[in-house]
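Labels run A, B, C, D, E and F following the written order; every chain starts at residue 1.
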Amino acid sequence: MTERWREEFEAERTLLNERVLASGHLGIKRFFALDEQAYQSGALPTKVKELLGLVASMVLRCDDCIAYHLIRCHEEGVTREEFQEAFNVALIVGGSIVIPHLRFAAEKLESLLEK
Amino acid sequence: MTERWREEFEAERTLLNERVLASGHLGIKRFFALDEQAYQSGALPTKVKELLGLVASMVLRCDDCIAYHLIRCHEEGVTREEFQEAFNVALIVGGSIVIPHLRFAAEKLESLLEK
Amino acid sequence: MTERWREEFEAERTLLNERVLASGHLGIKRFFALDEQAYQSGALPTKVKELLGLVASMVLRCDDCIAYHLIRCHEEGVTREEFQEAFNVALIVGGSIVIPHLRFAAEKLESLLEK
Amino acid sequence: MTERWREEFEAERTLLNERVLASGHLGIKRFFALDEQAYQSGALPTKVKELLGLVASMVLRCDDCIAYHLIRCHEEGVTREEFQEAFNVALIVGGSIVIPHLRFAAEKLESLLEK
Amino acid sequence: MTERWREEFEAERTLLNERVLASGHLGIKRFFALDEQAYQSGALPTKVKELLGLVASMVLRCDDCIAYHLIRCHEEGVTREEFQEAFNVALIVGGSIVIPHLRFAAEKLESLLEK
Amino acid sequence: MTERWREEFEAERTLLNERVLASGHLGIKRFFALDEQAYQSGALPTKVKELLGLVASMVLRCDDCIAYHLIRCHEEGVTREEFQEAFNVALIVGGSIVIPHLRFAAEKLESLLEK
């Protein structure tokens, strides 16, 4: 059961991204390509870049973006302790308004780690 | 000359933090302590945490916070190439509204690296 | 089926607006009147003003406001190509954090255009 | 029926807060303690502080935080007229992008007051 | 010396508001009237409403708005201890990104209280 | 005198953009290219797209971005009345927190129109 949200999240995300890109708008397509390239390993490894994306998503308070970067961080081997410290930075920078998103992230993280 | 902004920034910051803390409000003092602890080395090294603080400050568009984390990242040995990749993540997540802060960061970074 | 979200959205919106206005607070009522007047045709046509409202709603990341202005833009004759270009401006200004709202807008737009 | 959202909201909130705190991260625990202390009666009474929390949550557009502070304000004896005036300040400061959250708050308030 | 920033702030504000209103746009004029009315005494006293405006301005991070509501709160008799508690709520809700604005507010408050 | 801010603004902007691009980061360069293309005439004329950029900048409260789009809108022939109506949409969507930026825009607009 714990992985169902992830499968549903990823299926929905893929479907809707296809719809967005089906519009054929070149600027939007190119932005999506830049977005993907921004997290590729370079001077900073992908793991660090995904943590940057996760914390940015938490302080900007976007659950959909948090879910995406949680999954990607998990794939890159971020441990429970590293997640907690990144969550703490997001909480301190962004304040109590971040707490509902911290609850969301904590819940999704458990299901990823339980697998 | 290149270091003057940094000295002025740090003197001003210290002076005003003292004024804030002089109020004696316990909650504010404790928050400042938590803020400092959040970036201490743990499961994630300080360098990564300062990069998290930098990117969070860029997407939330706060020049004062950007200046602070730029200096701290530089002290932790973040290289020019690593800064550029972190700037790029902030730009992609936050969009063109981040560009004035990217200009600010690029200018301050040069003066830090020139020393 | 494609129009059901719109009917439900508009019924819900009407019901809740009535509840808000039933409070009888004069400041809130006057704000609602100003809000309606802001999009009336003047030096700029309503179509352009609704596009301004749509892009503002996208960069501020409010799905409810996006749904409302999508419907109004569609009523004012905004074409699929014009929508795509407005979406692109919102994406560039606001960055990847806008993407979940772009997916939402793309999905709702299809249902409006399919009718 | 009117109170069910409140019970569900509070049960969910308690459950997820426990999950967040179960992580054992000291910084997060301390932040939660500071958050609670910030609303305790002092030079300003709790009622005023909860109204500050409510309006801050409305202009930052977080429904979860709005629900929490609505309940707490209601417990502190905030009247319907006082709520309306606080809602109006939030609407004027934050603009029409706050309206979906004003609808949410108006709906939840009715169920609290109907009891 | 301590009052000069206030005089300059108020002169600049008056001058620019006149320029904004000189445009003759009816919607803008009416919004300015609603903005003024929102803080008039009603079910909630002006002092509480100005504190609401101050905390909203701090979490939204607008120094100009903070300066205005600081002056108005001071005129309404808000004490140093009450200011500190309101600052603390803003800091907890909004996080460390609010700190530069807390420094600004603390500095301006001293000059208001020194008179 | 009235045009000096514009010359200084454009010189500073060009200088700092060059510094940003001198970093040679490909993602940043490509983003700058997408940003420029987003406002080129297509299904929507450049004038409308620049108005979208202006209102987005006002609700996101970035003076630097406001200055840039004001100049571009003026070059595209936006009239004083059209500017006022766009300002009004931004004020209604974004609320009184936008007012300091409305004052900034009104002041800069006068100097552009006086030429």
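Worth pointing out:
Assume a residue touches a chain if its C-beta (ideal position, glycine included) is under 8 Å from a C-beta of that chain, and two chains touch if they have at least 3 such contacts.
The structure presented is a predicted model; accordingly, all values stated were derived computationally and were not measured.
Common neighbours of subunit B and subunit D, listed by label, are A, C, E, F.
Distance between Cα centroids is largest for the pairing of subunit B with C. Of the chain pairs listed in A-D, B-D or B-C, the one whose interface repeats that of A-C (more than half of its contact pairs identical by residue number) is A-D. Interface subunit E/subunit F: under half of the residue numbers present appear on both copies, so the contact uses mostly different residues. With centres set at the average Cα position, the gap from subunit C to subunit E is 31 Å.
One finds 37 Å separating the Cα centroids of subunit A and subunit E. As a whole-number value, the distance joining the C-alpha centres of subunit B and subunit F reads 27 Å. Across the assembly, subunit E contributes residues 27, 31, 34-35, 38, 56-57, 59-60, 84-85, 88, 91-94, 96-97 that each touch 2 or more other chains. Considering their complex, residues 13, 16-17, 19-20, 23-25, 27-28, 31, 35, 56-57, 60, 62, 64-65 of subunit E touch subunit F.
Those residues of subunit A that touch subunit B in the shared complex are 34-35, 38-39, 42-44, 48-49, 51-53, 55-57, 59-60, 79, 81-82, 84-86, 88-90, 92-94. Across the interface of their complex, subunit A is touched by residues 61, 80, 84-85, 87-88, 91-92, 96-97, 99-100, 102-103, 106-107, 110 of subunit C.
Subunit C meets subunit B in the complex at residues 59, 91-98. Residues of subunit F that touch subunit A in their complex: 27, 30-31, 34, 37-38.
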